[in-house]
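As written, the chain order gives the labels A, B, C, D and E, with residue 1 at the start of each chain.
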């Protein structure tokens, strides 16, 4: 078993694009919002990840096998999703590879979408979205555009690593985190993230359809959520409820 | 312990043949159908796998020891079977080796037979068979020959890896998947697969004997099924019941 | 996954400074006391640890991501803290790196603060502090300054390794250990450590505020304590209750 | 810890000898029969295995330490026994080494003795013995000498590997398998094996003493049996009860 | 984490000395007797083991950190003790290093003291001591000096490895084994070992004090015993109760 992680490009990948990442995580917020963008903007599959660190699985689509971790895009946008929970021990090399590849593609910035679990989510009708970023200029920009900043807290898992590895390479990365159910697919939270995304980028999609299809999406995403939860537990995602001490 | 995986050739292996693979998996559909072909067409043992990644076991046949993973063939057909469940962690290097070897033998195409679990199998008298393939030409061919296409879904385990590794090497691979019991040997499903196989290849066998001997085969295969189930659980085969999200 | 451990310097690191270490351990005594010094003396973040051996986590502060293991300092003081329990198996390479780096920075001495668990802590109003050191000169100094010496006993975990690795490199290291709760944050013990620290160094802070905010700190530190306890159990910290035999 | 496996020769080892192997396995049949030959023929200890893959144990004999895996012999016979259950994960390199060494000693043939579990052993007064062999000539010879052939079945563990590795090196290997208790020392089965061994080799011993001392041997071998059983379970020896499918 | 094992010499180590070893084992017999010699003969600490294979622990003595595995000596005696149970998986490289180092120091002979568990220890007032040795000359010497020989049996763990590795290097090693409690510190057994030791070496100490302080020692050693027992279980020490088969 070779433990290599490769990104295979099927089509020309745009240079200096914005990259959005939506991997299975809290409430599947990132996956749902990124998938919705892919479908609304009709992005094309331009690449995929090939690795024995991913589970022994292929996703069939129109009878053809696909990697569960795929990359879509157009001339100025790259979108990364995974239809399978990423096994906790594989998350280091997989995120490392995504960020490395992003650098070779000279992406202008990475926007990583996700959820931040709150315990009383069911009592909230309009989940709040918070931003975090790898440098002060981006924080200032978020602030100027009217976004709330997630001042203190923990981020655990894929989004933490995308921030860590991007910082090391001086890539600009923004995290958009919506208040969300922990282990229940949350299309409403995904819609709120898209609303904020529109304020800070050219990526504007009509979220009404996403809100209408909420129930349907929850159902479709149920199985992925179940498996994602297992990996989140192994990553100690529950730590995101913790109070940080910060000096 | 050397972890190498070797295929030992005992007889001349045909070049540009069709290769069929039937490893222990859901309902043992692939193993039963491939074994039946070997026996009906009187294929000769032409090689076997030698590896410490296989269990510490030999299969006796007429008093002589054999590898549990053997390769049979004639002038234009190669058939791969394993009489032992393949340990889940060994599946990567074992499938990698089989596909690699297939390439050196210039096989024209690989047909991987198997089952796709359905929960109400006992209420179905004639299981349906679905095809999937590594490229659009094969999908079109399957369609033209009247086969149903498995449009959306997951494939997990040996068949997923045979598709993944074959795609990487531009080998043509077709998967034929019959509706099947999950952990109960299913000769009827195997017969249905053979019926479809006959439509798309020169491999034509009389399935009536297979259907007649159903009960006997189920009994003989009981132990292999039991052990295969343990490995299927470790591979999270149950995921094949899941709904994929696909963008 | 690269298992390398790196210390990244963000600002000029003082040479020939005193280094204090406060990693999560018994009663969080070291972390609380070191954090209090950082905040009282307004130390600046001058570096951090970057390693896949740390959990997949970032700590947000004012919306910016930070490593959980950070280094603060001014012209003559370096302070190392971690806001995350250090996973037990990673403690060897992490402590090794901290001590190695301390040597390259020519630190004059290392003072490692911590707790020593006692079972009847709740009946004690003013926890005693004991000193230990890597060489006789430091022991004599501690004695002369009026500190109690921890004559016989075990030290387990990060503090043990800081002593072991420092001795190997002929670095001077002092351990200050306050009687403490085992798995309950103990700001009073931290305050007692700071009182003794003032006697043997230039590091003098007003501990009254620390004592006043005791309840608040206990609350804030609750989650870190909970996670630290899990790692302490894996390190067999309970051994610190044991009687050593010493010849 | 060095994982090397070495055979240390204490005395001259005969060339072109017959090698018999009796490692702890089903009913300890091989160990009991081989030990009995060693004692009856007064074979000398001529070598032993030295390896950290064996347990941290020495066997005392007349106050002197011995390896649990020892080699005895005379001018034309080599006998290998182990007084300790071989840990399941170490069985690959240990059997590999034994076969490798046998080849360097140009052994004419290897005869591996053992048991094959049957569930109603207690109802059988004279257990049957079956032969298997690595090539057709040996099968023919066994048949001609009046031995029963074990036509279909599984062999698991040390005997399987001795056959697998010997076949790879074109060494002749015969397995003699007596019907036996699974986890209860079975001197009667061992005696039956010796009876058949006498038919196909020069190794002839009087089995009456072995049968007389049955109860005593059972008692002495109880502890080794208990530990062997643990390793047999890890090797999935229970598979030997399974029905093979063989095409 | 470097897995190297190093012996650091603090003082000149005598050449051609006798080496006694007393590591934590059955009844702590070896540790208690060796520690008593160190204290009675006022041996000096001349070295210690430095290794990440030892637990993350330092032993404080007069406030200074010490390795749990230390070496004491005078002009013609070297004594090795460990105040911590040695983790079962580390025992191979640690014993290997001790024996290797002994060879470089040209030790004349190694005497390894320990206990051999007996189940009715509490009914015995004067435990018997048995000797074993790596060669016949030593066995003859033991016999001549009036010691009982442990003719048949198993030795498991550190003492087994000291015999195995010493034999490989042609070093002379004697094991003195007193009947002892399994997991209860046994100073009486230690005293009996010392009595026999005096018969075969120049190492003569007055054991009356050891017997008087029995209760006190049992108390002091309780914690080490508790932890040693855990490691003994992992080494399958219970095998020492087993009956060897020996051909």
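Assume contacts are C-beta pairs under 8 Å (C-beta built on N, C-alpha and C of every residue); 3 or more make two chains touch, one makes a residue touch a chain.
None of the values given here were measured: they were computed from a predicted structure.
Student: Give me the fewest steps it takes to get from chain A to chain E if each step has to go to a chain it touches.
Tutor: 2
Student: Chains in contact with chain B and with chain E: which ones?
Tutor: Chains touching both chain B and chain E: D.
Student: Give me the superposition rotation angle from chain C to chain E, based on Cα atoms, as a multiple of 5 degrees.
Tutor: That rotation is 70 degrees, given to the nearest 5.
Student: Can we say the copies chain A and chain C touch using the same residue numbers, with more than half in common, or are the two sides different?
Tutor: different
Student: Could you please state the distance in Å, as a whole number, between where the Cα atoms of chain C are centred and where those of chain D are centred?
Tutor: Computed from C-alpha means, the inter-chain centre distance equals 59 Å.
Student: Between chain D and chain E, what distance separates the C-alpha centroids? Give it in angstrom.
Tutor: 36
Student: Find every residue in chain E that makes contact with two or more other chains and list them.
Tutor: Nothing qualifies.
Student: Please trace the ring of touching chains beginning with chain D, moving first to chain E, and write out the chain order.
Tutor: Here the ring order, chain D leading and chain E following, is D, E, C, A, B.
Student: Given the complex with chain A, which residues does chain C contribute to the contact?
Tutor: Chain C residues touching chain A: 1-2, 31, 35, 38-39, 50, 52, 55-65, 67, 72, 81, 83, 219-224, 227.
Student: For the complex, which residues does chain C have touching chain E?
Tutor: 89, 91-93, 96, 131-136, 139, 142, 149-158, 160-161, 163-164, 167-168, 235-236, 239, 241-247
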